[in-house]
Amino acid sequence: MGTALNLVFIALLVATALLAVFARDLLAAVIIFSVYSLIMALMWQRLQAPDLALTEAAVGAGVTTVLFVVTIFKTRRREEEEKE
Amino acid sequence: MKNLLALLFIIALAALLLYVAANMPPMGDPDNPTATHVIPRYLEGAEKETHTENVITGIILNYRGYDTMGEVTVIFSALAAVLAVLGRERRGRIHAYVDRSTVPSSVIVRTMVRFLVPLIVLFSVYTILHGEISPGGGFQGGAIIGGSMIVFTTIFGLYESSRRIPQKVRFPLEGSAVVTFFLVGVLGMVGGGNFLTYAWPRVAAGLQPALVTWLTVLVEIGIGLGGAMVLTSILFCMIREEEEIAVVA
Amino acid sequence: MGAYRHFPILMITVPLVCAVLLPFLGYLRERWVPRAALVPLSVSTLLGLLLVGKIPAQGYLSYHLGGWEPPFGIEIRVDYIGLFLLLVVCGISLLAMVFSPRYIGKEVSGGRLTAYYVLFLLMSGAMLGFVATGDVFNLFVFMEILALTSYALVAITGNRNAVRAAFKYLLMGAPSSIMVLLAIGLLYSATGSLNMADLSARIAESGYTEVLVVSFILFVIGFGVKAALFPLHMWLPDAHSIAPSPISAMLSGLLVEVSAFALLRLTFSVFTAGNDAIIGGTSEAVSVFAAAAVLYGGIMAIMQKDLKVMIAYSTISHIGYIFLGITSFTKEGLAGAMYHMLDHGLAKACLFLCAGCIIYVKGYRRIEDLKGAWRQMPWTCFAFSVAAISVIGIPPTAGFISKFYLIYGNFTAERWPYALVLLVGAILAAVYCLRVIYYMFFQPDKRGAWEEGGGDAPASMLAPVCLLAAGTLFFGVFSGLIIDSLLKAAAFLL
Amino acid sequence: MRLLHNYHYAAAMLLFCIGLYTVIARRNIIKKLIGLNIMETSVFFFYISLGYLDGGIAPIRTGGADPARMVNPIPQALILTGIVVAVSVTALALSLVILLYRQYGTLDVDRLYRDEDGGTHGGPSGEDAP
Amino acid sequence: MPDKSAFSVIPLVAVLLPWFSLVVITASPKKARGLRLWLCALGALATFGVVLSLLPGILDGNTYTIKLASVVEGLEMRLTVDTLGYYFSLILAFLWLLATVYSISYIDHKENRFFVFMALCESFLIGCAFSANMFTYFIFYELMTFGSYPLIIHEETAMARRAGYKYLVYAISAGTVLFFAIVAHYFWGDGQLGFGSYGVLSLEFAGRAALMTVFFTYLAGFGVKAAIMPLHGWVPDAHPAAPSPASALLSGVILKAGAFGIIRVCFNVFGVELMRDLKVHVVMAVLACITIVVASVFALTQDNLKRRLAYSSIGQVSYIILGLSMLSHDGALGGVMHLTHHALMKGCLFLCAGVILVKTGKKNISDMKGIGYKLPITMICFSVCALAMMGTPPSVGFITKWLLGSGSLEAGLPVYVIVLLVSALLNAAYFLPIIYTAFFRWEGDEAEEGEEHHRPKLAFGKEADHEMVVPIVILAALVVIVGIWVTVPGFPYSFVSKVVGIIFP
């Protein structure tokens, strides 16, 4: 049971990471990244690291994401088009 | 072409790293080098030696306190760096786009936030002070305070929130973590031990447990306050409007 | 054990704490900040000087933080080589700090002045901690302080090129830090320890050779970026040339070397030099890259038109020297590499500060503009020449001694091609350095840009420059004071 | 097969590579920074997996928990530091991005570094002609 | 090293004394040109005096030594005055004194720079002469290289710059090669760089290939300064470009610093036995012979006087190499003595060329018709030296040629005699036309045959300043005197015979 759940988590991690990387909307990418951080925090809780789960939820999913969002508001939301 | 090269490099690196993963000690095995070498003493002795039930807190603040001193210096450096790049806001004149948001937040949200933020801060205080017993500790608590400030700022605007934690409050507290660590360290030296020794050899053995506990709490508070203020300052610095920032084009 | 056992930790923490306290002073009296910032560095230098003679060439001073014995707590371990580098760091930081006020006052806008000094002190303290630590994770922590402060200091002018260069530096530096972190994790997984001395014992009996090999490779890549080893050097020319000159001096004279020193420390104290199964192949590759760096840096430096970019490329070349010395795995090569760290630190700092003087007085950056500079700035030009001669490796400067030992070390290891590369590097250095000296002293000033008696740089800038130049001469003539002990210490490391 | 047993490690390495690929190959600098964070998190994940013990419990001795069953606390302690470092670097990087965007009006590295050769010589004191 | 070795500060004083000029020039007022420069000359005189004060002790077989700094065991900066080094320093200080006096009236612009670097160069060269080991020698040698650069480009014409650039390129490449040689020497010499009376290297420590590498890198490194043929490229450019006193010193002393290095390598590093064993002397001999002949042929084709003299120098310095390569008593004696002999002759010749340049502005030989009547003393001295160069007795040139010839017979290789004869012929072929042009041709002499009354009158007493004429006369006189009273103590023979006597008993 445990292994299966772990595998599901890992699959989610990889999927969110890839989505965050390839999303064209930067804001979406950042939000997906915060989801990734949350899943990571859950994963760590499963690995018996409650301190870190707490920290990651607060810092990784919280502060980091907000910093990204602030930056995106101050710059631009979409990736620039490929131009040759 | 460049992307292809990068991809090839990454694939090679992935192969290498997976090869390592396949050759590493099996995960979770109690006979691993990691599980047999330094650990037993920490797990057995932490409670007696550092007077913290949470072994991680014991390691962070006591066994490897020097690392944590480095850590708080890192976050202070980050603040100094951000301020050096963006410049600190002038006192009392601080605005951000959230203040002029075209979508006014509803009364329900405002009330909820007004109600929630004190609770979050309370929780963070608990996290800070209770760090040696339960999960959590100084930095986590500080980060939670920072989170609460984020919530407050997004709803009420930067002007409001910077009135709640004005610069003259943040300014002296930003370095508190490093200073606390340094003071505790020097006290350890004065107390006859080494830098960052909590159980001073010059103090009677009976007093040492209380001393260690109080010093630990002191450091926790220092880290919590420092972390919270630094995160808040960084956030304010990044979020505020930029008319103040010198643009050298 | 007297009170001096506390000195290393105080050397490290005093600048850090003073950096934290400096904003208060900046709040009260901003004018005092530059002078106040000198105090902690002077204290560190003094403490370091007091330690001289206390540490034997073949021993070390071990300081257990928190009183926990090494595998459990963090250890500060200062051996002879470490103390040597600590003193180099202290001295050069102090001189760069003395140089700063006038120069920075001109380039950095008002609000950031305090931030500059805070970051500068943090950087110096972190370098000291980085050199002295005996714990691999602690190494990482100090590396991050160093990295953060150096990114910010490169960008401190707020100039668009500066920000861009800093970001480029960050884009290469941050992943490299993570690689180091991963390498530490792999090392830990195979041994279960983080203390360097303990690690070297545990590595000897560890069965996980593959893990250790990859860990070493990642260390080399990670620190290779920080030290600008040849294929990973792309950030250096921009960052070092665009940063304010005292910062260029710090980055080029110290930061790069300190990173190379970390790799040296890991190679010899952790992975133990004789361990061919783990480090053999990688160190061969590093030799090849280092040789390429010597040639590439030299050739690129010859092609540059901008003085500071030229000096930056010269740094790439000289990092190659240091790595060629380290990878010779002989005591002579190692002592040469250490001595080269001293010499290169002094000489490069001096060159960048001289460039700073020229920029301060005239605003010139191109080498062509230096024609006849001698008339107006005799002291600067003279100091520049002495340092440049040391970079080439002409006696009686310190560069000659270090180069001698580097080549001799490669001889002893029977690595003829590398010895030859070192010689060719010296010729390349001669070409790019002598060109500048030639322009300064012997070319007529056709544009009339330099006026006789027009005033050299102010004394607070000239003093550090001249001291550094005198240092290269002093350590060239009286090298016997140090190199003997360095040889012994190197033999001890092997 | 050890790799299947160590699938946590493998996953961490995979995420590391995804992050590094993003840093190297993506042109948008925000994406690069997201990649950087993915790299960092993956290494933290690796560390925590390193400390895991089969059937372990969190290393908190409240209520007389058995020390022999606790997971390894050292990686967790280290990673706490690591997280702080990561957020610091991210904050600095993002403030640089804000400044860069204001000065160049782009988030695309190719455009950012396009006029590099001309740019290098400008330097802090601007034009060097007297 | 001989037994009687005493600590003495005099070597250090001799090295540091030239810096006196530096102090004088920076300290004295800008207007008092004469005072400043004469004080510089006084500095050179004092240096010569200090060097001279060691003469009795050296003739007794003493050595004087002082340690300056030490890097590690076997790698130290030490000054030791032994007979060979003293021999070099004596001629060096003497020639320098004359050239400094000469310069006072010759140099007309930027004299501060010129005198300062003259003095620095002298300091470094004395350091070379007094070096106790290769390490010290190399340090002073390199310093001297850079100290002499401003002398070469002193005129700051385009030609001078080009010559200076060429000089630097050659010198730096040579320095690098030499650096390699020193490291290799240190490596295969078992960590010793000192000089021994019979050589210090031996086949015990290293293989033949290794030792040959060391030898040839040394030869190539010093060969650039000593202008051995494929490496001579900078010489013909540098000499005409430099001011005449600087050319005199370049040719008389700085080229000799390279030759002196080779002498040190042959006598004190490798030793005669080892050289014979390795057969490296054959290569030296072949190179020297080629240089002697080819340089003389080149000299024939030059019209610029100083350029011709420069090629002549290239050939003459190789006499020293040739003498060494004979590995015989007389050959070595002749070679090493030629160091001084050539310095006297060529120094005088270049100083004469300087007078011609200053007084008439003529550089090319074809323009010098009748110049002997305008500048009789100068041209008489010139002729004396030129005749000495050809080997006419009684002169130092004859002594050299005689000894070299005797040495080649001693070594059983009469082919060298042929080379020497060819060289003497070629010398005659390029020097006699100068004398002929100066004294037997005059303006308008080709218009009508036999119109001797048009010949100009000898104009004694209206020549250049005394500062310029006196050194020339002294040198020319010495060329003859040393060639007659060979064995006077203090003249070359008294030193060289001692050195060579030890090596070839």
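Residue numbering begins at 1 within each chain, and the chains themselves are lettered A, B, C, D and E in the order written.
FYI, a residue touches a chain if its C-beta (ideal position, glycine included) is under 8 Å from a C-beta of that chain, and two chains touch if they have at least 3 such contacts.
Bear in mind that the values here come from a model prediction, so they are computed numbers and not experimental data.
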Revision key, fill the gap. Chains adjacent to chain B and to chain C under the stated definition are D
Point to revise | Set of chains whose contacts include both chain B and chain A | key: D
Study note, to complete from the structure: Min distance from chain CA centroid to global CA centroid: chain C
Exercise for review: Tally the contacting C-beta pairs at the B-D interface and at the C-E interface, and name the larger one.
Suggested key: B-D
Review point. For chain E, which other chain has the most distant CA centre?
Key: A
Revision key, fill the gap. Whole-Å distance, C-alpha centre of chain B to that of chain E, is 75
Review point. Taking each chain's centre as the mean position of its Cα atoms, how many Å separate chain A from chain D?
Key: 12
Point to revise | Centre-of-Cα separation between chain E and chain D, whole angstrom | key: 68
Review point. With chain centres defined as C-alpha means, what is the inter-centre distance between chain A and chain E in Å?
Key: 79
Practice item. Scan chain C for residues touching two or more other chains and write them down. Key: 137, 141, 144, 148, 151-152, 155, 157-160, 163, 188-189, 194
Check your understanding: So which bits of chain B are touching at least two other chains?
Key -> 17, 20, 23-24, 34-35, 38-39, 42, 54, 56, 64, 67, 70-71, 74, 77-78, 81-82, 85, 135, 137, 139, 231, 234, 238, 242, 245, 247, 249
**Study point:** Multi-chain contact sites of chain A, meaning residues that touch two or more partners
**Key:** 50-51, 55, 59, 63, 67, 70-71, 74
Exercise for review: Just spell out which pairs of chains touch, all of them.
Suggested key: A-B, A-D, B-C, B-D, C-D, C-E
Point to revise | Residues of chain E that touch chain C when the two form their complex | key: 68-72, 75-77, 138-139, 142-143, 146, 150, 153, 156, 161, 164, 168, 172-173, 175-176, 179-180, 182-184, 186-187
Practice item. Spell out the residues on chain A that touch chain B in their complex, using ranges where they run on. Key: 50-51, 53-55, 58-59, 62-63, 66-67, 70-71, 73-74
Check your understanding: For chain C, which residues are in contact with chain B within the complex?
Key -> 6, 9-10, 13, 16-17, 19-21, 23-24, 27, 63-68, 71-74, 109, 111-112, 115-116, 118-119, 122, 125-126, 129, 135, 137-138, 141-142, 144-145, 148-149, 151-153, 155-160, 163, 186, 188-194, 202, 206, 208, 210-211, 214, 217
Revision key, fill the gap. In the complex, chain D touches chain B at residues 1-3, 5-6, 8-10, 12-14, 16-17, 20-21, 24-25, 49-54, 56, 58-62, 67-68, 70, 72-78, 80-81, 84-85, 87-89, 91-92, 94-96, 98-99, 102-103
Review point. Which positions of chain C touch chain E when the two form their complex?
Key: 389, 393-396, 400-401, 403-404, 407-408, 411-412, 419-420, 423, 426-427, 430, 434, 442, 444, 477-480, 483-484, 487
